[in-house]
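Per-chain numbering from 1; labels A, B, C, D and E assigned in written order.
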Amino acid sequence: MTQRLNPMRIGIYLLLILFAGVFLVPVYVLLSSSLKTFTEVQDLSRLWSPPSGLYLESFRSAWFGIPEKGLRGLGPNLLNSIYLTVPATIISSMLGSLNGYVLSKWKFRGANVIFPLMLFGMFIPYQSVLIPLTQTLRAIGLGGTLWGLILVHVVYGIPITTLIFRNYYAEVPTDLIEAARIDGAGILGIYWRVMFPLSLPGFVVVIIWQFTNIWNEFLFAVTLLQKPELQPITVALRNLAGSQIKEWNMVMAGALIAAVPTLLIYVFMGRFFIRGLLAGSVKG
Amino acid sequence: AAPAAAPTEEVPAGPTGSIEIFSWWTAGGEAEGLKAMSEVFAARYPDVEIINATVAGGAGSEAKAVLATRMQAGDAPDSFQVHAGHELIDTWVVADKMEPVTFIFEENNWLGVYPPGVIEVLSSGGEIWSVPVNIHRSNVLWYNKQVFEDNGLTAPASLEDFFDAADTLMAAGITPLALGDSGVWVDLHVFESLLLAHLGPEADRGLWDGTTDWNGPEVTAALEDFARVMGYVNADHSALSWDQAAQLVVDGDAAMTIMGDWAEGYFKSVGLTPDVEFGYVPSPGTAGSFIMLSDSFGLPKGAPNRDGAIAWLTLCGSKEGQDAFNPIKGSIPARTDGDRSLYDVYLQSAMDDFASNEIVPSLPHGAAASEGWVTAAGDAMTLFVADLDVAAAQTAMAQACVDAGVCQ
Amino acid sequence: MASVTYNHVTKRFGDALAVDNLTLEIADKEFLVLVGPSGCGKSTSLRLLAGLEEVTEGEIYIGDRMVNDMAAKDRDIAMVFQSYALYPHMSVFDNMAFGLKLRKVDKKEIKERVQVAAEALGIGELLERKPKQLSGGQRQRVALGRAIVREPDVFLMDEPLSNLDAKLRVEARAMLSRLHLRLGTTFIYVTHDQVEAMTMGTRIAVQSAGVLQQVDTPQNLYDHPANLFVAGFIGSPAMNFFDARLAASNETVRLQTKAFQVEAPRDKNPVLKHHLGKEVILGIRPEDIHDKRFVPVDVAGAPVVAKVDVIEPMGSERHLFLMVDSQEFVARVDPRSAAAVGEELEIVLNMDNMHLFDAETKAAIL
Amino acid sequence: MTHARRERWIAFLMVLPSIILIAIFVYGFIGWTARVALSKWDGIRPDYTWVGLENFRHLLVGQGTTARRFHIDLWNTFFFTLLFMVACVVAGLLLAILLDQKIKGEGIFRTIYLFPMAISFVVTGVVWQWIFAPGTETRLRGVNALLHNMGLDALRWGWYTDTTSIGPFHVALIPVIIAAAWQLTGYTTAMYLAGLRSIPDELRDAARVDGASEIAMYRRIILPMLQPITLSALIILGHISLKIFDLVFTMTGRGTGFVTDVPGIFMFETTFQGNHYSQGAAISIIMLLTIAVVVVPYLIYSFRREVEL
Amino acid sequence: MASVTYNHVTKRFGDALAVDNLTLEIADKEFLVLVGPSGCGKSTSLRLLAGLEEVTEGEIYIGDRMVNDMAAKDRDIAMVFQSYALYPHMSVFDNMAFGLKLRKVDKKEIKERVQVAAEALGIGELLERKPKQLSGGQRQRVALGRAIVREPDVFLMDEPLSNLDAKLRVEARAMLSRLHLRLGTTFIYVTHDQVEAMTMGTRIAVQSAGVLQQVDTPQNLYDHPANLFVAGFIGSPAMNFFDARLAASNETVRLQTKAFQVEAPRDKNPVLKHHLGKEVILGIRPEDIHDKRFVPVDVAGAPVVAKVDVIEPMGSERHLFLMVDSQEFVARVDPRSAAAVGEELEIVLNMDNMHLFDAETKAAIL
């Protein structure tokens, strides 16, 4: 209603800023730690103090590693993460989109049973499937390969992507589909020419969700990929910390590096996020 | 830089291809040591490429999950790091996943250069199951020399000394013992020193084969002392890791900490010098005994490149390999013929003790008991440090021994 | 160009009967309007023809082809939806060209046909715009254009004007009529608005609860409704109904309602005398009820006194909501009528245009 | 085959790959896990010897440390889930309502609130561990140091090192809940914001004209209308919290006296550390059943609602 | 119960002028309809009064109270929205009771008032239902009911009938008129539909592009539009306009349009002669154009020949879309008129009812 600056609105802004501050506290810790030296960062009582100087060495070590000390950097693994996350995100989004399309607009007999059964896949604790998972992947010849891991992320992404897309497509008027049918398009033609181009907001939500989860996922990655040159950045990040002495400044620097791509996704796609949620997953 | 010395051990004929070496040495001195050892290997076997499959997290954590999952899927690495002793034997050997490596010991005439106590830990059913690369000592008390001097104290030899010193320090407003048990094993680590102090080496070893009664009065006394010790530790112990606890000693906030000798690496990494800024003695009441743990490599059945793996194991057990690895890692060689000049003052003293002391296997580090037992003991300790209920803890510890199939 | 035949077509959704045994022949080039209240099965009938629903029983023919098992895209029909169903991500041009592209029509020809159709509809300037950037009326014309360029055998429209406001609707009606004349294609048009039905249809099919009630030209439907439902549905304000009983005295037949008594014109006696004593329903259209002061010269009817309840001035006429006892009815009178609310007004019923229905079967008697 | 049947077949074929994958990777594996849970697989080598519900009995009604730990875990999960959901919903709703007031810079605030979701639990766990490390009286750390500097010493306590419990509720869970809520509040905020945006302005206007103050309007109109979103949010949050592992594992681990232990950690440790595979599988199955108890009614609910539409 | 006064009220949204210097007095108990095309500022005017928008300039009074700075909730008004804005999570009863509950009316009284209002609107049976479970017409009545129970000083309605279909709209109109009479409260009603305006308003205010054009009773507005806009807006089909020039020969004044020439009735000469030679616009309502074969007895007008373009039968009348040269216009003729499309028809313009506007100022001359 009113938009003038009154005490009420000032209060609202103050609250928002306060919350933003609280939200940024851990980020501050992350950032300042990454700029500290090892001795500084070890001293937890100086947690809040800003770094004594701009010690960028941690970033360098995290990125390039220290080859002479047997420490691998994150650099090559960042690319692995991209090779992993991008196809896995795209494929699972596409599958979700296809499923959502079929399950919302072309219900065949049994579709109403299949959907909840698919959804339930979202809820299995992943630690408990590690062993059959590795065995299955080996059996189909994908053990230890990036494609195996992509497959895993695709499979466990199906429930959530299907859910989001199904809800999203449920809001697309059925009239559009019928118009396209009369115009001469078949089930696939309608998908490609009508539904798919309309799916941007849905894809944004799904991509943000999937990208974040796959990018940050650790357990599958570490169990399924043995070759260091294939491992994604999360595994490499964990490896920055030794088993006995952990150079947290370097780990934090690495964490920041590892968070950059997801952050970029948020910044560039965030605008559409609410819109996508509005159209889709909100209905749940 | 690979040492130029000619190989002293016999080399299996020309292995080629690549070998995958699985370990949790991803960073720090251990990674650097591994790297040094790999370089020696590369010089010796130029045709074999090492795939350094490292997973952080240490035994019992992610690395173990990864290894177990892979082994069960029939996807064994060529060789993997494992704590020597029951962690290897009760987990992998009983599961028939390992090949004995006795033949490597025999071919290289190592049986003479490894102390019998070590061979005993490595053996089961008349076979040796892994090649140790190093030895760490568990029962070490580290202390801040300045703080001790300021309070007119000397390093405590017995538990009575320890508690006296602790009282003095408390009065001076200094935390007597720094504890950082955010990792569960730390509680067990402290406790095993106390057990040794009360039982002595002979009875202590008996705990792990069922000959010493877990319900006995010495165990009770050890638990009671542990409860007493908890009165002298920093209040935020469960928020700290062992190295953060060590930092308390560095800063002079605390005077002592009981930790394995990898702590020396930490003190050095923050710029302290052994015997100058910090001192070390065997944990109170354990002088003359050496609680050992050892990182070793085994030969899994179905290793894709068995010859390469054997070459690797041969190097791990060699003097050259161990002298490349240990000075950097901060541990002592498992062999008795290490080149002392390569090691610092603390490690030299450890080498001396190792040669002369009674060897006792370590519980939390896989040498003394099966992983299931360690886990159960850890659970009991987790509860104990919270409620300090001696009777309950002793029952639980005894039960753990029964569940492990060792006690009746 | 083609005729369309529904042959005993039934459609069930689960247990629900949406279309009940529909038999209807639509000639080539006809503008048939399917009209009826909401939920009566109009859309379903149309969608069965379009191939968007499957027939449960019966056959549908387009021309000579039985199309029951033919996919929508092969039926050579075009359809305009109530929501227009424009593809939001495509420009107006692409919307119109979509069907042609799918049929692999030559690019140049597509361009030409779209251009021609767009010009004819007055949206030639808008081809580059997205549907979002169009007003309601413009969107409606794009939807029409999309159907036109296809040059289909049959045009189907499902309430295409419902989303327009009153002014635009009047214009669009005339435009559709002209379009039908110009294209000479069969149009089948669904609406629940009897005004649209009357003004555009060459014939009107009235449906109720899945059942076809009557098919005829607009004026015939208005003048000779086959039953009570059609009589009440066609015409606005709706025909007034009075429960009545026929009584004869001498040569005059009288209609006795609860509220009043009127005489039927003599010329209707031959029919009426078969129904003497029966329960009937008398129907009088609002325009056949006059303010006594303004009765047109050629009308001679039965006088009644009624109370004025509500007055709706329409400018060129007035609607009076009248009451006799508790019986309500509407009259459409001369705008000069000065009746005031609450007044007891003398009115005249033009009995020459009276309708009569059987109270039991609801069928028209007269 | 009629065109309609053919198209239904194509439709089915389009989802068939997903169906097959889910059948194997979800239901196949659940079946496998269930089988293991009924066996006495104890050690690296698979051992499918049937022992019935022995493993479950051991966990649920046993006398030893195992059952003690598992009971603590179940209570911890219960309180963790409850408080975590409440925290996320309340904070998310509050922030969404604030952001819905035609705020300048809404995008920036939204990004800040969503940002934590972008960082891996594995890293944030460590950061939160530091932040809530209490320190000692002589050397305060983390939040306690901040509170001290602000003169709020009364609010200082041992955070996740505190082994106090109120009934079965361990107060040490509070910092873990804060950390988890920090990570997911942004998501609930976004959901609520989307929900608020989907409520027509006319409804607010109607309430104002009806005499509602802004607060009354939110309380009596807006909040009840957001109920379906709350339900969706609760499901998403619930399945995360019931499965939670990484965050707790890196932040506090099981905690002294298991004050911050959860079934996910227990399952992981007992399986991969203690080699008690069948016991781990039994924990998984119990976790799965718990989730099913929460989720299946939801699925039925949303399914019903759709049918109604 | 209260009067409402807009005193030089202006509302800007940023740069956009939504309401321009509106001055309007609405008497107590009046049913004022605010009508105009989409986007002309009707809703804004209403929302300013409701307190949902802030006045940029000027004052608004309800009774004697200046309400510019009063919150919506304190203004004692009730409003019915186009979308009805029913609270979806509340039952019908709770929807209606909401305003009373907020005002802390006694529970028993709430129940009574809701019951009474619901009965009056015929929704007494529905009180337990949720809005989702209601039909459009029922929802509309609930929205009304919610306003009624409040017994406010002023009733505001923003296109409350737009979402109803034609039949229901007709019924709802009469219902609203009756309601107004019964309640005796001030009604302010916004619509873009001139039929609603004509049929319900005691007075109508016509707005265009933010500016008030004319305020008068429905019949006056219809018979004497103040300017071209009002003339074209009120009436359906709309008044026909012809660009014309006035020429005099002897005592007759002739109107020359591009298409035809007609004589003006003599009695209008005193006014017309002031405008000789000027560019004017001739306005003839469709009902003043007759098929020559069916001219009512009291009409004597000017004959013209026109081509029939489209015919819309309405049952009780016919709308003919006619053409002379390229000039299109509409006639509303007797249903018996047998004109066919394409035919050259002789028509008669009833010049007694002619309107004339200044081509430049668009103001009415006659």
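Keep in mind that, in the parts below, a contact is a pair of C-beta atoms (placed from the backbone, for glycine too) under 8 Å apart; a residue touches a chain by one contact, two chains touch by 3 or more.
Being a predicted model, the structure only gives us computed values, none of them experimental.
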Original post:
What is the minimum number of touch steps required to go from chain A to chain D?
Top reply: 1
Subject >> Taking each chain's C-alpha mean as its centre, the one farthest from chain C >> reply: B
Original post:
How many angstrom lie between the CA centroids of chain A and chain E, rounded to a whole number?
Top reply: 56
**OP:** List the centre-to-centre spacing of chain C and chain E in whole Å, with centres computed as mean CA coordinates.
**Re:** 25
**OP:** Please report how many Å separate the Cα centroid of chain B from that of chain E, as a whole number.
**Re:** 93
Original post:
Using the touch rule from the top of the page, what residues of chain E touch 2 or more other chains?
Top reply: 52
Subject >> Overlap residues in chain D, where contacts from two or more other chains coincide >> reply: 7, 133, 135, 139, 141, 208, 268, 271
Original post:
chain B: which residues touch two or more other chains?
Top reply: 65, 72, 240, 251
**OP:** Please give the residue numbers of chain B that touch chain A in the complex, ascending.
**Re:** 20, 22, 24-36, 38, 51-58, 62-63, 65-66, 69-70, 72-75, 77, 240-241, 243-244, 247, 251, 262, 265-266, 269-271
**OP:** Can you check the complex and tell me which residues of chain A touch chain C?
**Re:** 173, 175-176, 178-186, 189, 193-194, 197-198
Subject >> In the complex, chain D residues that touch chain C >> reply: 2-4, 7
Subject >> Residues on chain D engaged by chain B in the complex (per definition of touch) >> reply: 42-46, 64-66, 68-69, 129, 132-139, 141, 158-161, 163, 252-259, 268-276
**OP:** Mind listing the chain C positions that touch chain E in their complex?
**Re:** 37-38, 165-167, 170, 173-174, 177-178, 181, 192-195, 198-200, 218-219, 222-223, 234-238, 285, 287, 296-297, 309-316, 319, 321, 332, 335, 341
